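In what follows, chain A forms one complex with chain B and a second complex with chain C.
On to the complex of A and B.
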């Protein structure tokens, strides 16, 4: 079997070098075309009529006036009379028309009558959700009652983190075009290989007849895997519109109402410890909502899973609001927030530095030594030991500074991925796989792996992704893309190179296994005198191209990729105690990783995660109105996100070491987002001297906590 | 967006002839930064849109008698960068700077800032200007963290969105309103009104009138605006205060303290004015005036924190004004 192992760290020429995104110029110049940019001749525009009520039954629907509007080509009823609607924004009907404006006018001419039904849209107060809470069974480990009795110190707190939206810059949607009995499908997706099959299932259609293409996507964060109802509608509308292609992208409000959100999490938590900080007992009563369908059960206690005595109770609350979707590290940010907030409160009660408390209890985690080393590294970057002060001891002025800490863990690994490498007699190289680049640098790392293997510069590789005619590769979720595509690319390029070695070995008077590809040449190992240029070598192929596959074997990744990382995050904040405004001074992320193909995009992933977490810590919150059942801030105005000046200084430390390198490639998409809100919440508590129990840490909540009111 | 007739007049006379006699007939388009959103959301469905950006006489900032005359279509960026404004009216400069997106400052106009519709999320979600349901407002029992803490006995609970309004009230400015039949000058303080029903507006402008210019008296004052905004990036103030102090030596001869984003109109705080008269501005007198400014606040269920923010805004604006010079 060929040797697929990654080349030794010191000998790598391309991998491991900080490399700019290959598609940066296209994106920065606007040349990159997203599915929502498509505007082919004859394109029709579709829009959705959505339900204005949080809970209602459709009693009648009359589309006749809309159908008569000039320019309207098709009207489809999605929720016929009798349908019970469970959240605002639910799709009622779809219209296609020759312009977006006509389509929007037309949906206003559809007459829908509703019987409005009672709704529950808020879950922050468990006592007010009526019968909407469903308790999961109690889980008990050890003897928590006895452990709490014997604990030297116990601390009790309540904490909460709201539902937040994904806020993809490019909303969900697609263009669908029928070509005879074939469909050309241009979605905005994290799953180019798989989404056609999903659409086919809903249409009861042959998936082989769906050709899916997408080169760029404007954000997904876990919310863009499926074809969705709007995709299915968009596929039906052309049939009723003379076969013309139809574009349907959600508007911002609908995007925020129905295209996914992250579950909330609330908990009352009690922690017991010995005087030296050793945690002995945990008790929590948590609840969360993921919309009507449930979802959202944070794994607590997070990371410190080996606390010997535990009692856990959890309730899922069904609310009349849009359903959840995976959001970057599903359930982990909530779990980290609940756990690390409680542990910081424990440290404050023990008058202990939380770095020491986390270190003391590292044995309760699955990777004690990793976390201990990271705490040390983070503390060094933050100058923690010199600058940290006990909770609330932050000087006499109105602006208080504080520091906080949190922890993360994630799997990663490599998803299913197949790759084809073609080497042509003229020396050109194609690497082909149906993956997608979410903006994370997937194009760049695939090209780097191919260039490394083939001994070529990046520019010599032509990469083709984002097209379902190419070998399939998994959806980009769970931080599994980099592991999957790098492994399949490595194998495909090693296999193709092996064929090239076989073709040129006789002319170099050597065996194929004595050859290597270095600096654009094929040569006898270590002997550049016996070599051919890449072009000359490829000419030996005569008329035949090489076309070799590589497959990531998920059950046996052969050391190319693996999973399981930990990380810590530290925040330094200033809080104006007169206004309650929190500013980020500095944010430090120390992240465990495997083999890093491109340090630049790896670091960029962590910057992005930190920024996303800062938004969640300070600004983001879905505001539901009890009286109307509406999401009041389904917009980009009062659903607040950070701007550049709100972010502060972010320092990323990646543990790039030979030891970690041996683990192969591990994805980094989710872990660095996990502990951000928790670390900022802890820094705020450290600064102002009291816990602000609920995120985001907005002025009203900070001031309420300072005044001792419930917020 | 509902289809509409588009008019592009070149003079004020042409423009006012195109306006309607009732709200909803014609909308004025200046910067368009909110007008277009209102139309896309069907909150405004005018039959005609009158673009006033091509009317030259609506532009420009210059001295006119004892006033600085600011044309209605002067952009927030032009206002902010104007040397005379920087020198005489730091409070206006600071208020314009608080409109924290360069894009909006480049497009948005001073007239548009004064005439803009409230940002109340019930209004913006189609619940009506006063958010009435079954005869009562949704706001007092609803999500009111951004709503009014003054002037909120109903039926209006929204806050005036104007960034320049509080500063202009404090400076004693007037606006000129022109209709086909003539023109009138109205004190900015009287320009903002609290609507009593769904059909009325939050400004005294009539449907057939155009706001053409703003006249700010050039009387020397120490003035400043302080906004409490959560974000550095584009965000609405949670509370703001503008102050204008006429000084006699080192003491205040007379003061105007006006709160912003706390009431359906810019909210003059007469008790603070009185508290400051005859005093030097110190941390203590500023704090006392700030307390007096919010003494009559009537917060709703979720916006008690805004009382504190308004107090801090007054204190900081006063200290800023005392440090600066005019």
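On to the complex of A and C.
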């Protein structure tokens, strides 16, 4: 069997070198065409009419006036009379028209009557959700009652993190065109290989007749895997519109209401410990919502899973609001926030430095040595020992500085992926796989792996992704892409190179296994005198190209990729106790990793995760109105994201070492987002001397906590 | 309130970034000679990247929709559609504006510069090049808007401090979190542009 192992770290010429993303110039010059940018000849524009009520029954719908409007080509009722609608934004009807403006006019001419029904849209106070809470069974480990009795110290606190939105800048949507009995499908997706099958299922249509293409996607973060109702509608509309292609992208309000959110998490937590900080007992009563279908159950206690005595109760609350979707590291940020907040409160009560507390209890985690080393590294970068002070001891001025800490873990093993490598007699190399580049740098790392293997410069590789005719590769979720596509690409290129060696070995007077590909040449190992240029070598193929596959087998990745990382985050903040404004001074992320293909884009992932977490810590919250059941901030004015001046100084430390390199490639898009909110919340508590129990840590909540009010 | 009514109320300044650059002009601009246009399509000429484009558009069509839906100039993106995020940023008569909140009909007679007009052939504008160099982009959907905002800012502030540059870009939002690279990119671009090599 060919040797697929990664080349040794010191001998790599392309992999491991900080490399500019290859599609950067396309994006930065506005030439990159996203699905929402497509403008086929005769393109029609579609719009969705959505329900303005949180809970209602459609009693009648009259589309006749909309149908008569000049320019309207199709009107489809999605929720006919009798439909019970469970959240604001639910799709009621869709219209296609010759212009965006006419489509919107037509939507306004559809007459819908509703019977408005009672709603529940807020879950932060469990005593006020009535029968909407469904309790999961109690889980008990050890003897928590006895352990709490014997504990030297116990702390109790309540904590909450709200529902937040994905807020992808490119909204969900697609262009669909029919070509006879075939569909050309251009979605905005994280799942080019799989989304056509999903659409086919909803249409009861032959999936082989759906051709899916997408070159660029404007953000997904876990929310863009399925074809969705709007995809299905968009596929129906062209048929009713004389076969013309139809574009349907959600407007911002609808995007915020129905196209994805992350479940909330609230908990009352009690922790018991010995005087030296060893945690002996945990009790939590948690609840969360992810819309009508309940919500995620955060895995608490997070990372410190081996606390010997535990009692866990959890309730899922159904609310009349848009349904949850996977959101970068599903359930982990909430779990990290709940757990690390409680542990910081424990440290404060023990008058212990939380770095010491986390270190002391590292044995309760699955990777004690990793976390211990990271705590040390983070503390060093942060100058923690010098700058940390006991909670609240932050001087007499109105602006208080504080430090906080949190922890993460994630999987990140490679997904199923198939890759084809073609080597043509003229020397052209094609690498083909139906993956997608979410902005994580996937194009770049695939090309780097191919170039490394074939001994060629990046520019010699033609990469084709984002087209369902190519060999299938998994959806980009769970930080699984980099491991999957790098492994399949490595195998395909090793296999293709083996064929090339076989073709040229006779003319070099050597056996194929004595050859190597270096610096654009095929040569006898270590002997550049016996060599052919890449072009000359490929000419030996005569008329036939080489076309070889490589497959990443998830059950046996052969050391090319693996799973399981840890990381820590530390925040240094200033809090103005007069205004309640929290400012990030410095943020440090120390992240465990495997083999890093492109340090430049790997770092960008961690910077991005840190900034996304800062958004969640300081600004982001879906705000629901109890009276009307409406989402009050389904926009970008009042659903706030951090701007360039809001993020402080961010330092990323990746554990790139020969030891970690041996683990193969491990995904890291998700883990660094996990502990950010928790670390900032802890830094705020350390600064102002009291816990601000609920994220985001907005001025009103900070001031309320300072005054001892419930926020 | 309709978009038309909103824009009439605040003038073109509604599309200007937080710095309020266009407020004075908005106050000075008379409402299209007192004559009512539309609601049907009317002939409109836009001067974009140095070239005139003749279009037949309803007066309510925004500059952003005119660019994207009628001229296939899709670098400017429609994201918030409410003058908040800056993904639709273009430069109009030297000033940075949100094209989602400017009507195409009101942009007549002005020099409109879009992302498509600032690079020549395969040579990137120094702002775009700096964004590539410092990986100041991930999904890239906000990037053309940021590049135009940065160019417009640097045209007027060729020698900014980091703090000033951050202020100049605070009218744009990125969801992937690329601000760390952007900080470096804007400062590098300011040095490159001053060098006059790409003037």
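Simple rule for what comes next: the second predicted complex is superposed on the first by the 711 of 711 C-alpha atoms of A that agree within 3 Å, B and C clash if a C-alpha of one lies under 4 Å from a C-alpha of the other, contacts with A are read in each partner's own complex, and residues count from 1 in each chain.
We take it that contacts are C-beta pairs under 8 Å (C-beta built on N, C-alpha and C of every residue); 3 or more make two chains touch, one makes a residue touch a chain.
All of these numbers come straight from a predicted model, not from anything done at the bench.
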### Message
I'd like to know which partner A:410 touches here: chain B for first, chain C for second, both or neither.
### Response
neither
### Message
One more residue to check, A:25. First (chain B), second (chain C), both or neither?
### Response
second
### Query
First (chain B), second (chain C), both or neither: which does A:637 touch?
both
### Task
Mind working out whether A:645 is in touch with chain B, chain C, both or neither, as first, second, both or neither?
both
### Task
Look at A:101 in the shared chain and tell me whether it touches chain B only, chain C only, both, or neither; answer first, second, both or neither.
both
### Query
Who contacts more of chain A, chain B or chain C?
C
### Message
After the superposition on A, what does A:697 contact: first (chain B), second (chain C), both or neither?
### Response
neither
### Task
Based on the superposed arrangement, let me know which partner A:337 touches: chain B (first), chain C (second), both, or neither?
neither
### Task
Give one of first, second, both or neither to describe whether A:501 is in contact with chain B, with chain C, with both, or with none.
neither
### Query
Which partner does A:302 reach: the first (chain B), the second (chain C), both, or neither?
neither
## Note on the structure
After superposition on chain A, the chain A residues reached by both chain B and chain C are 101, 635, 637, 641-645
#### Entry: Residue ranges of chain A touching chain C (in the complex, touch as defined)
20-21, 23-34, 36-37, 39, 45, 99-101, 167-171, 216-219, 221, 251-252, 438-440, 600-601, 603-604, 607-612, 615, 635-637, 641-645, 647, 650
### Message
Under the definition above, what is the set of chain A residues touching chain B in their complex?
### Response
52, 101, 104-105, 108, 578-581, 618-619, 623, 625-628, 630, 632-633, 635, 637-638, 640-646, 698-700, 703-704
### Query
Within the complex, which stretch of chain B touches chain A?
1-3, 42, 119, 121-122, 124-127, 133, 138, 141-143, 145-146, 228, 230-236, 238, 302-303, 305, 308-309, 312
### Query
In their complex, what parts of chain C are in touch with chain A?
58, 60-61, 65, 68-69, 72, 74-82, 84-85, 87, 114-116, 118-119, 124-125, 128-129, 131-133, 135, 137-144, 147, 163, 166-167, 169-170, 172-183
